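Have a look at the structure below before the remarks.
We call the chains A, B, C and D, going by the order they appear; numbering starts again at 1 in every chain.
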Amino acid sequence: MLSGSILPLILAVMLAPLMQAVITRTKSVMAGRVGQPLLQPYWDLLKLLRKGAVYSNTTTWIFQMGPAVGLASVILAMALVPFGGLSAPFAFSGDFVLIAYLMGLGRFFTVLAALDTGSSFEGMGASREVTFSALAEPALFLGLAALARQTGLLSLSPVLAAISTVTWMHAAPILSLTLAGLIIVFLAENARIPVDDPTTHLELTMIHEVMVLDHSGPDFAMIQYGAALKMWLFAAIIIGVAAPWHLGNRLIDLGAALGAMLVLGIAAGIIESSMARLRLLRVPQLLLVAIVLSALALAL
Amino acid sequence: MIVLLIIIPASAGLAAFFIESDRLRRILLLATASAQTALSLTTWIVSPAPALGGWLAEDALGRLIETLTSVLFLAASFYAVAYLREERRQTHSDFEEGFLFSNAREASFTACLLFFLAAMTLVAVSQQLALLWVAVEATTLASAPLIYFHRHHRSLEATWKYLLICSVGIALALLGIFFLAVAATNPDGTTIPLTVQDLRSNAHHLNVPWFRAAFVLLLVGFGTKMGLAPFHTWLPDAHSEAPSVASALLSGALLNCAFLGILRAQEISVAGGLADFSDKLLLVFGLISMGVAAAFISGQTDYKRMLAYSSVEHMGILAVGVGLGGAAVFGAVLHVINHSLTKAMLFLVAGNFLAAYRTKNSAEVSGALSVLPVSGVLWLVGLLAITGSPPFGPFLSEFTILKAALDHGQIFVAVLYLVLLAIIMAAMAAPALAMAQGTPAADVKAAPQRGLALSVVPAMLGIAVLVMGVYVPPVLTRALREAAHLLG
Amino acid sequence: MSQLINSILILLVLTGFMLLSSSRLAACIRAIAIQGVLLGILAIAVQGRQLSMAGVLLPLSSAMVKGFVLPWMLLRAMREADTVREVEPLISYNLSIIAGTAALGLSLWLGHRLQLSSQLASSLLVPAAFFTSLVGMIVIASRRKALTQVLGYLALENGVYAFGAAVALRLPILVELGILLDVFVGVFVMGIAIFHISREFNHIDADKLQALTDRL
Amino acid sequence: MTALLISLLLFGTGAAGSLIFANRGRWPTFIGAGSVIVGSLFGIVPALRVALGAPPQSLRIAWDVPYGSLYFRLDALSAFFLLPIFLICALAALYGAQYLEAYRGRKALAPPWFFLNVLTASMVVVVLAHNAILFLTAWETMALSSFFLVTFEDEKESTRQAGWTYLVASHIGTAFLLVLFVLLSKANGSMDFDRFSASAGAGLLFVLALIGFGTKAGFVPLHVWLPEAHPAAPSHVSAVMSAVMIKTGIYGLLRILTFLGPPQAWWGWTLCAIGLTSGVLGVLLALAQHDLKRLLAYHSVENIGIIALGLGVGMVGLSAGAPFIAIAGFAGALLHVLNHALFKGLLFFGAGNVAHGTHTREIDRMGGLLRRMPGTGATFLIGAAAISGLPPLNGFISEFLIYLASFKGAVSLGASGNVPMLAALSGLALIGGLAAACFAKAFGIVFLGHPRTEDAEGAHEAGLAMLAPGFILAAGCIAIGLFGSAVVRSMAPLISTVTGLSLIPVGQNLAEASNSVARVGYFGAVLIGLATLLSLARRIALSPRRVATAETWGCGYASPSPRMQYTGASFAQPLTEIFAAFLQTHQSFTGLEEFFPQAAEFHTHTDDPYQSYVFRPLFRGISRGMTYLRPLQQGKVQLYVLYIAITLLALLLWQIS
């Protein structure tokens, strides 16, 4: 049944919030502030879990179900993602399709929960979310297809295992194109600048955060945690491509991977603090660029 | 026995003139029609002996047409009786222009009906071409008064055109027959008698140029009567102005008789090995007729005219079928039956619509399904059948023709055939559906059809059309094979 | 003998032109009558030696009908409908005559194409007969009055009959009679129709008969 | 076979009975609905048996029509298509029995029952027929009976228009089939299927089949009748038409393929292209609709597109000699046929309940229905998730198979084959995203938030007979979602019938594919468990705390009103903006002027581009061209005689010289 090590899942579950903390920390450092402690996200989650909740009297069970489904689906998706040379707990041919669609499921319910409140703000957020994800999906699939094509394999763990520094030697352009596409998808899916700005809540330009305006207490905790996991997931895939050091020694490999995650987090932070948000109308173009990049990677 | 088939209706017609009492005359009409049908059905069991030295004889083709005619006539006569009962009033107001008009004497109408039957029967059974010509001309003369039943200027105009154009056409046909006689004259002066049988058996001795000319003349002549474009011009007028029962007979029975004239010529040309020449002509005129029909059906606002043009279309289909030869001929002969039944039904239903809505403009008719449930349903059935959709008879025959066309590699013909059929279907469906469905205009009250026959007769025909679509009796198939065999 | 036949045929052609060119209805009717009589003679003439009883009686009767009965009926119809006695063509007389000439040329060509094997008939027969028929059609197509159209029909019929009389010797009596009867009844019915037309429109222009059309 | 004949007999008697007892109150309903249900129960047994590998059965009776024979054959392919037919028709009958009651008194209820029986019977015969004449007769009967069902509410102009479009479309489609069958039978005369052979160029035959059957299936651009007809029909009929009737087009295509021998590569490419266009355009047009049933109708186009993609991928695989790709592709496509039947039936039933409860089909006039129609809402949600291809439901399973096939193709096939594969991949991804967006809109706007109108305010839940079908189908969606692997493995006979590959390799490849499907199933189960666990956890976490309810936070806006909610149109607007080029949406806006603006109005409306830019102009052009001939019929008798004379002379000159 278990076709790999359980470790990647455990690491993700434990360290996911940390990555967000790294990004925020980087940003505050760039802004010349001290910034919050690295464990702040965990405290936030605990605090939220201990709070009560306020529900809009418009909402139904959908609203309460949304966060649970969202978190469950992202956790399950995580169970398919390898990390640092360790193959994921589960792997079967075509599993990245399942990953993508589990994300889709989570999104679907988050969107429904947003619409359940009947608030026009959340409606707007939902509308934008589905728009961008509809475009992000082909990009993701083409990227994955490019990797599969490169390695001739149909399951994520083996694919990432098969990518090595050697692969980079002879297929650098393809891999870098794919990587670029995946990074754009990463930014879009995780509502980061330049696509979205996680730090503001009430601008009409908001996408993801505005959908969860009405959530509070444990529900909100689940959403936040789910978001962190999602980011970890994409990050894991990206470093799996970008930093394919498999020296054989499990500990070194893991350490390298974690280091790569750290670097990625810092990089994201730098991007965010050095870049402005794109105008909403430009976002689709960005995603189209991602699609083109991955398609190019396939064509090569 | 054959002679009886002609004598009975003729004498009945003569009698009808002088019978004063309407009841008696109507009974006579029904009785004659029934007797005729019974007699012609018996000819299927005991084939009658030829009469007048073989001039009157029933071959497969003749028997088919003759039986069909008498059956349709039976249906029509029942309908006619009910119809005439409704038309008893002295004066009627015309619904298009509002003037008052009267009908022709019922006596003469009935008499003409019977004469019409006699003449058509003669056409069906006469083997001698000149005699056949005489009979065809007689049908014109007998049916002209039927068209002029309603005494007003439009019907008069229709009658006049019918008379003149058909007479001209028929005259040409006579010339054709004379040409045939010339073609049948051997260099040594001996001549082949003008009976179908002899001409077929000696077809190879015919003088070819004369025969070609003869065939052209016969095609134009009988084609005029049959309603092939561009000789069809009388047809829509006559059908739209005649009382529906007459239209039904004209379309259902008369056209077949004219077609028979052409078929006889075709028999000879096939036997004489000139098929490819005559086939070409038939194909050309068949397709032209379908095209013209398509052109005039699309956007047609008068539903009786629409039906008339559909008759032109189907005559075209018959010509195409015969022109294709082979299995298509079987399809064509089968289509003769299907078209006659369907079209007769449609005209009778149209008559009911006319009575209820008092307009021939399809745009002003709506909700027939709720006003006249039976007629409404039959109208839809008829529409679907006539546009050749299963499970109705015409589909089978039209499909057989199409199959033959493709099997013979006549791709162009097949494609054109299908395209025209599709156009006609689309063009007919729009107004016909709008007539049956929807909500009726407020002023139209559900006119209670007094005469039960007015809805029962078309219903019978409708059932027949359906049956022909799902079951072609073997005996019929055999007869059709035989008939088709005559035409190569 | 063939001299006689040829001269008859030439006369037939001339009556055809007369029909095309004359402006008075009565004259046209007369032309038709003459044709009827000519045909009778022709029918007898072509039989040459072997004259039979029927062979004489039939042509005579047809000559009677076509030469006298029908013309009389038509004249009567004309009087009843007391209209203008003018022909009132749709095209000028000259044009009709030109059309006629064209028709003649066509008929000659046809006669050249279709040679009669029967040695009795003259080479003029086919052209003359065909020409007469064509004249009939020209008249129908180019004249305004319903009455004139009947005349045209008769001319057409005459042409056909002329041909028949010459070649179809062995057409049985019954058929001959039937044909004759049909022509007679046909014209009779047309006469009735004309009578009704004149009553309906108190005019016998076929122009009036244009209500039924699919013009848009 | 006998069981099937019995069920046909039952349908026949039901049809007759419902007419005979037309004016006996509820009798037609009982007879008509009863016959469909019982007949389906009779028929589904042998269908199931053969579908699961029992040997094919056939029955041939002489039939006295030209070229005709009553030749029925039940093989795996027919059996597989019979299953949804029987299931959906039975449920539709149950549903209709209550749905049509709303019309009692206003309309005659016997005809719809008559035609429903005829429709069911004809669909059954279509998939059983093994003789062209029989097939065509059943095919057209199917079209006609459904036509009469579509025009049930013929007092509406729009309905009549839809009816005409549908009738003409299916008629023209049939014309192509006529040619197709004739050409197939050309080689050896007989019209029986087993005598068919692709003597004429197989390519031509394929194209003919593609057009003829594509019209019924709703391939773009031949789909134009579909978004007209399905909304017009009563909901249970829409369900039957959309869930199973259009699938007979797919059946026909597959059946023909079995005569054409090994497919050529370009057939697969063509199908992929068609699938891509149908899928993307279908879902885009669906996004732009405001009418719930019209939206669903366009989703039928989309799903037919997905099926076509699967078939295309399969064919490319077959022609490239790559069994796994072929088998997975065909399996995905065929499974999607079944799945679409399940969730589309469910959705149309739900839409019917909504229309029934709110007396409108306008999405933007609804809202907050989940509280008023909990049962409908819950089932509709499942259907929505399933049609968007989300795990753990059945829609994902079939799409997963197609993904698997095309990933495999993209990986293993050379440049020759992998272009369609990549097209399928990215197409499926795009379609999936858009479909999710569209159903987020459909469910969210209809069932969630505040009611937008009094109609929605006063909506009421439908009766049991109208709810039960939804629940049954929802159960089906979940079942296939979890236990899909079993279904996939059992499809071996079917796939080998379609592909012509022998049973053993098919079985092996299917087993390989079904391993992944099994994993997906486990994940689905775990997902459900985990989700319930988490929601329990939050319940526990909340239990000691204070849980309050309040207004939705209006971001400080004082007095929000239901009319301020996002509407379906505004929800879809960003996407419709991006793809505006394909949609040609008409907008009308009476803008805000002056300092104290009057009430402003904004309308958007999206016609079917093919309808308004291709077919309508075409038909108009034809009829206009035809009118040029009208002057021929001048009414001048002189002219008419002239026609005769001229034609005669022309003929003589042509023939004699």
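The rule is short, and it goes like this: a contact is a pair of C-beta atoms (placed from the backbone, for glycine too) under 8 Å apart; a residue touches a chain by one contact, two chains touch by 3 or more.
Treat the numbers as computed from the prediction; the structure is a model and nothing was measured.
Asks: Go through C-D and B-C and name the pair with more C-beta contacts between its chains.
Replies: Of C-D and B-C, it is B-C that has more C-beta pairs in contact.
Asks: Please tell me the distance, in whole Å, between the geometric centres of subunit C and subunit D computed from their C-alpha atoms.
Replies: 70
Asks: What's the distance between the Cα centroids of subunit B and subunit C, rounded to whole Å?
Replies: Centre separation, subunit B to subunit C: 30 Å.
Asks: Return the distance between the CA-based centres of subunit A and subunit B, expressed in whole Å.
Replies: 78
Asks: Averaged over CA atoms, how far is the centre of subunit B from the centre of subunit D? Could you give it in whole Å?
Replies: Going by mean C-alpha positions, subunit B sits 44 Å from subunit D.
Asks: Of all residues in subunit A, which are in touch with two or more distinct other chains?
Replies: Within subunit A, no residue contacts more than one other chain.
Asks: Among the residues of subunit C, pick out those that touch two or more other chains and give their numbers.
Replies: In subunit C, 113-114, 137, 140, 149, 206, 209-212, 214, 216 touch at least two other chains.
Asks: Of all the residues in subunit B, which ones touch at least 2 other chains?
Replies: In subunit B, residues 160-161, 164, 168, 172, 209, 213, 236, 296, 299 touch at least two other chains, as defined above.
Asks: Which chains touch, pair by pair?
Replies: Listed by label, chains in contact pair as A-D, B-C, B-D, C-D.
Asks: Note which residues of subunit C are touching subunit D in the complex, please.
Replies: On the subunit C side, the touching residues are 90, 106, 110, 113-114, 134, 137-138, 140-143, 149, 206-207, 209-216.
Asks: List the residues on subunit C that touch subunit B in their complex, please.
Replies: 113-114, 116-119, 133, 137, 140, 146, 149, 153, 156-157, 159-160, 163-164, 167-168, 170-172, 174-175, 178-179, 181-182, 185-186, 189-190, 193, 196-197, 200-201, 206, 208-212, 214, 216
Asks: Across the complex, what residues on subunit D touch subunit A?
Replies: 367-368, 370-371, 381, 385, 388-391, 396, 400, 403-404, 407-408, 410-412, 418, 422, 425-426, 428-430, 432-434, 436-437, 439-441, 443-445, 448-450, 515-516, 519-520, 523, 526-527, 530-535, 537-538, 541-542, 545-555, 560, 562, 564-566, 570-575, 578
Asks: Which part of subunit B faces subunit D closely enough to touch in the complex?
Replies: 160-161, 164-165, 168-169, 172, 209, 212-213, 216-217, 219-220, 224, 230-231, 233-234, 236, 277, 281, 292, 294-296, 298-299, 330-331, 334, 369, 384, 387, 389-391, 395-396, 399-400, 402-403, 406-407, 414, 418, 421-423, 425-427, 429-430, 433-434, 437-439, 469-474, 477
Asks: Which of the residues in subunit D end up touching subunit B in this complex?
Replies: Interface residues on subunit D, with respect to subunit B: 63-68, 133, 136-137, 139-141, 143-144, 151, 154-155, 157, 160, 163-164, 167-168, 171-172, 174-175, 178-179, 182-183, 185-186, 619, 622-623, 626-630, 632-633, 637, 639-641, 643-644, 647-648, 651-652, 655-656.
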